[in-house]
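Note that the chains are named A, B, C and D in the order they appear, and that numbering of residues resets to 1 at the start of each chain.
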Amino acid sequence: MEHARPLPSYLVQRFHGWKATAYTENQAWYRRLATDGQHPRAMIISCCDSRVHVTSIFGADQGEFFIHRNIANLVPAYCPDGAQHGTSAAVEYAVMALKVAHVIVLGHSNCGGVQGCLDMCSGHAPDLEAESSFVGRWMDILRPGYERVREIKDEAEQRRALEKESVVVSLENLMTFPFVAEAVKDGSLTIHGLWHEIGSGDLEQFSAAQKEFIPL
Amino acid sequence: MEHARPLPSYLVQRFHGWKATAYTENQAWYRRLATDGQHPRAMIISCCDSRVHVTSIFGADQGEFFIHRNIANLVPAYCPDGAQHGTSAAVEYAVMALKVAHVIVLGHSNCGGVQGCLDMCSGHAPDLEAESSFVGRWMDILRPGYERVREIKDEAEQRRALEKESVVVSLENLMTFPFVAEAVKDGSLTIHGLWHEIGSGDLEQFSAAQKEFIPL
Amino acid sequence: MEHARPLPSYLVQRFHGWKATAYTENQAWYRRLATDGQHPRAMIISCCDSRVHVTSIFGADQGEFFIHRNIANLVPAYCPDGAQHGTSAAVEYAVMALKVAHVIVLGHSNCGGVQGCLDMCSGHAPDLEAESSFVGRWMDILRPGYERVREIKDEAEQRRALEKESVVVSLENLMTFPFVAEAVKDGSLTIHGLWHEIGSGDLEQFSAAQKEFIPL
Amino acid sequence: MEHARPLPSYLVQRFHGWKATAYTENQAWYRRLATDGQHPRAMIISCCDSRVHVTSIFGADQGEFFIHRNIANLVPAYCPDGAQHGTSAAVEYAVMALKVAHVIVLGHSNCGGVQGCLDMCSGHAPDLEAESSFVGRWMDILRPGYERVREIKDEAEQRRALEKESVVVSLENLMTFPFVAEAVKDGSLTIHGLWHEIGSGDLEQFSAAQKEFIPL
């Protein structure tokens, strides 16, 4: 790999700072995590967005959360066709191997992926419709959600509704995985939908009873 | 979505704690991030593993790093076939839309995904070879790396070598994306490979000159 | 400009070293910073003192902090009289044009400017009282702080108290700028006061609740 | 100061990292700097811009450089009128009290302050002409430089020329300070002009012989 370059020095410096403080203080715990393996209680599926780090919001310690992050926190529908499905692999590993008790899908405001989906579905982003557009094809997962918000006139309201649909669609698709549905049925797994507003810091959760997102 | 359940109360409590402290202290910055959008300087591709949170290791603030996490920090080879490639979508978005300056692949010790790959490739995990195994098919990405370590006799040494291969293979595959290769060539993007040992806290980086991982 | 002289060769040498290493490693990021402009999250106002470089203490990368440095980290009161106010210009640019989320005032121990103020206010430095003394007139900004510490008998204690007053007076004066007060009020800006002890490396922050500096 | 807020936690974390590494390694030197006072060999006048940290470029150690940073690295002309001149105070302190051997003015590419001056002088920024504009009044210092570049037609070339003028004007104004002129005359002080290009990392210095900036 002749293209690999040295790490920027400010990151080297920060790493040494972490090593000398947080790591050293928790050394015994890190060592035990290395020998005993991980036993996370929850899987969290959230967006790659640099503004939303669930480890901060939930004060996560090492070992607590198995975290998958992709564009727009999407889970595709179950499709065991032998192709490389990274998200499905993460879900399978979390539920079958790690036996997490919770799967939490965390959406957020100002999501670039969701905005792209909106532009594409409303015909304003032809480049995203190309077969070669990875972002476009990935956002196809959210098309059923778009159908449910297409009549909303106000743009900001529509985008926010679609951001929340990215959570609902993912929860729906999660349930198409036989091992997820079974674990939910037998009570060994619960699933949860959250939506986070970056600017206000608020967190809303999807309520099955009220069929909408309710502030925590 | 009638299966969604309320968030466990310990997480609700932690969220309220975060909101009252870290969020409040950084309120102005969160608001600006919401209105101005993200300008991350780097994309980090790391594992879902609950013991490795790059945000801690690099003291990341909100807005700094665009983070994709999947099983074993793998990047598949470029394949614009119209299928849903979550990792490729994340890379495309980071490089093309966000124009990050760095892509950093972070592997780690004690990786369950890499162990699964080793078991599968050495014939000890027939279930992972099934077409329906998402984890197995995902770990196929690492098979070229396995070929390079298959002669190593010592088991622990071999696993560690394969963990490092998960980084090298991902860097190699990254370079198969035309837009990555081009950005690397014109100097607007650099790529970096790291491997982290959970128990000791150490970090090693891949050196193109020495063709191996060197402790930082 | 016939008086300009060539740069001392040790600095030329260091520059070439930096160019070949740190610059080259971060080349992609520097280029992006050049084309995209700066988006710093914070303004830091600190002293010119050669022993206090906030970029080290906070492991700053290029692009993170907009830094103004003057004698004794002072901010004068708002005074839009058409004269050349360098500090006020820096504050205006940071808050109005760059829309930073934080303004951090960083004072420090062993401050020569503060010592000069103490000497002047206690009648031991007549030359600093001359109209033509730029240092004396600049340190006039800190006179309200001197009034609050003048009764302290112990010299070392008094100097330290005045160093901390240089931070408090600056925070007070910052709030006299209408655009600062407004941004603080609407939550888009927060202000912070720090004092650093050079010898021990300690950092204390001003607590609004406790009305004093508390070690971090 | 009831408006002061706690420092964002990522900065607290970075500070602790610095304390445990860089500070601890250099503890003896920091202590000596605290007891013996500073003896910097040079004063550097550079811009507040978050992308230009001279401490990186010159690999500065604690104690080496007395650094004043303001918008566009400007020095006003000598004017002992009893008003608060922060930059003049810094120059006076460096030359008279610290007796630095060099004063280095460092300009840079992509300077927002210089761009503002250009807009203002060419009649495209009426708000900067208001008496109440601190940035506008501060940039008045550069007006003599604008006169020398006003005939340049190409916009990028003109801006670059004005960035370099910000260095030349500052050197000229420095020489209007009697104590600077005297120290330069008696050989105890030399002055230097530099211009740094952010994107390419290049550094040019003003040559008195060639009357232009020459790459190092």
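Some notes on this structure:
One rule holds in what follows: a contact is a pair of C-beta atoms (placed from the backbone, for glycine too) under 8 Å apart; a residue touches a chain by one contact, two chains touch by 3 or more.
Which chain is which protein? Per UniProt: A, B, C, D = Carbonic anhydrase.
Keep in mind the model is a prediction, meaning the values are calculated, not measured.
Counting every residue number used by either copy at the subunit B (Carbonic anhydrase)-subunit D (Carbonic anhydrase) contact, under half are found in both chains.
The interface holding more C-beta pairs in contact, when A-B is weighed against A-D, is A-B.
Once the centre of each chain is set as its mean CA position, subunit A (Carbonic anhydrase) and subunit B (Carbonic anhydrase) turn out to be 14 Å apart. Rounded to a whole number, the gap between the C-alpha centres of subunit B (Carbonic anhydrase) and subunit D (Carbonic anhydrase) is 41 angstrom.
Rounded to whole angstrom units, the spacing between the C-alpha centres of subunit A (Carbonic anhydrase) and subunit D (Carbonic anhydrase) is 45.
Within subunit C (Carbonic anhydrase), residues 22, 25-27, 29, 31, 59-61, 63, 102, 190 each touch two or more of the remaining chains. Viewed as a network of touching protein chains, the structure reduces to a complete graph with every chain in contact with every other. Those residues of subunit D (Carbonic anhydrase) that touch subunit C (Carbonic anhydrase) in the complex are listed here as 1-8, 11-12, 14-19, 22-24, 27, 30-31, 33-35, 37-38, 40, 43, 48-53, 55-60, 62-71, 74, 76, 80-94, 97, 102, 104, 109-110, 112-113, 131-135, 137-141, 168, 171-172, 175, 184, 190-194, 197-199, 201-203, 205-208, 211, 216. Subunit A (Carbonic anhydrase) contributes residues 13-14, 16-18, 20-22, 24 to its touches with subunit D (Carbonic anhydrase) in the complex. Partner subunit D (Carbonic anhydrase) is touched in their complex by these residues of subunit B (Carbonic anhydrase): 21-22, 25-26, 29, 59-61. Residues 5-10, 13-14, 17 of subunit A (Carbonic anhydrase) touch subunit C (Carbonic anhydrase) in their complex.
Residues of subunit B (Carbonic anhydrase) that touch subunit C (Carbonic anhydrase) in their complex: 25-29, 31-32, 36, 39, 41, 59, 61, 63, 99, 101-102, 183, 187-190.
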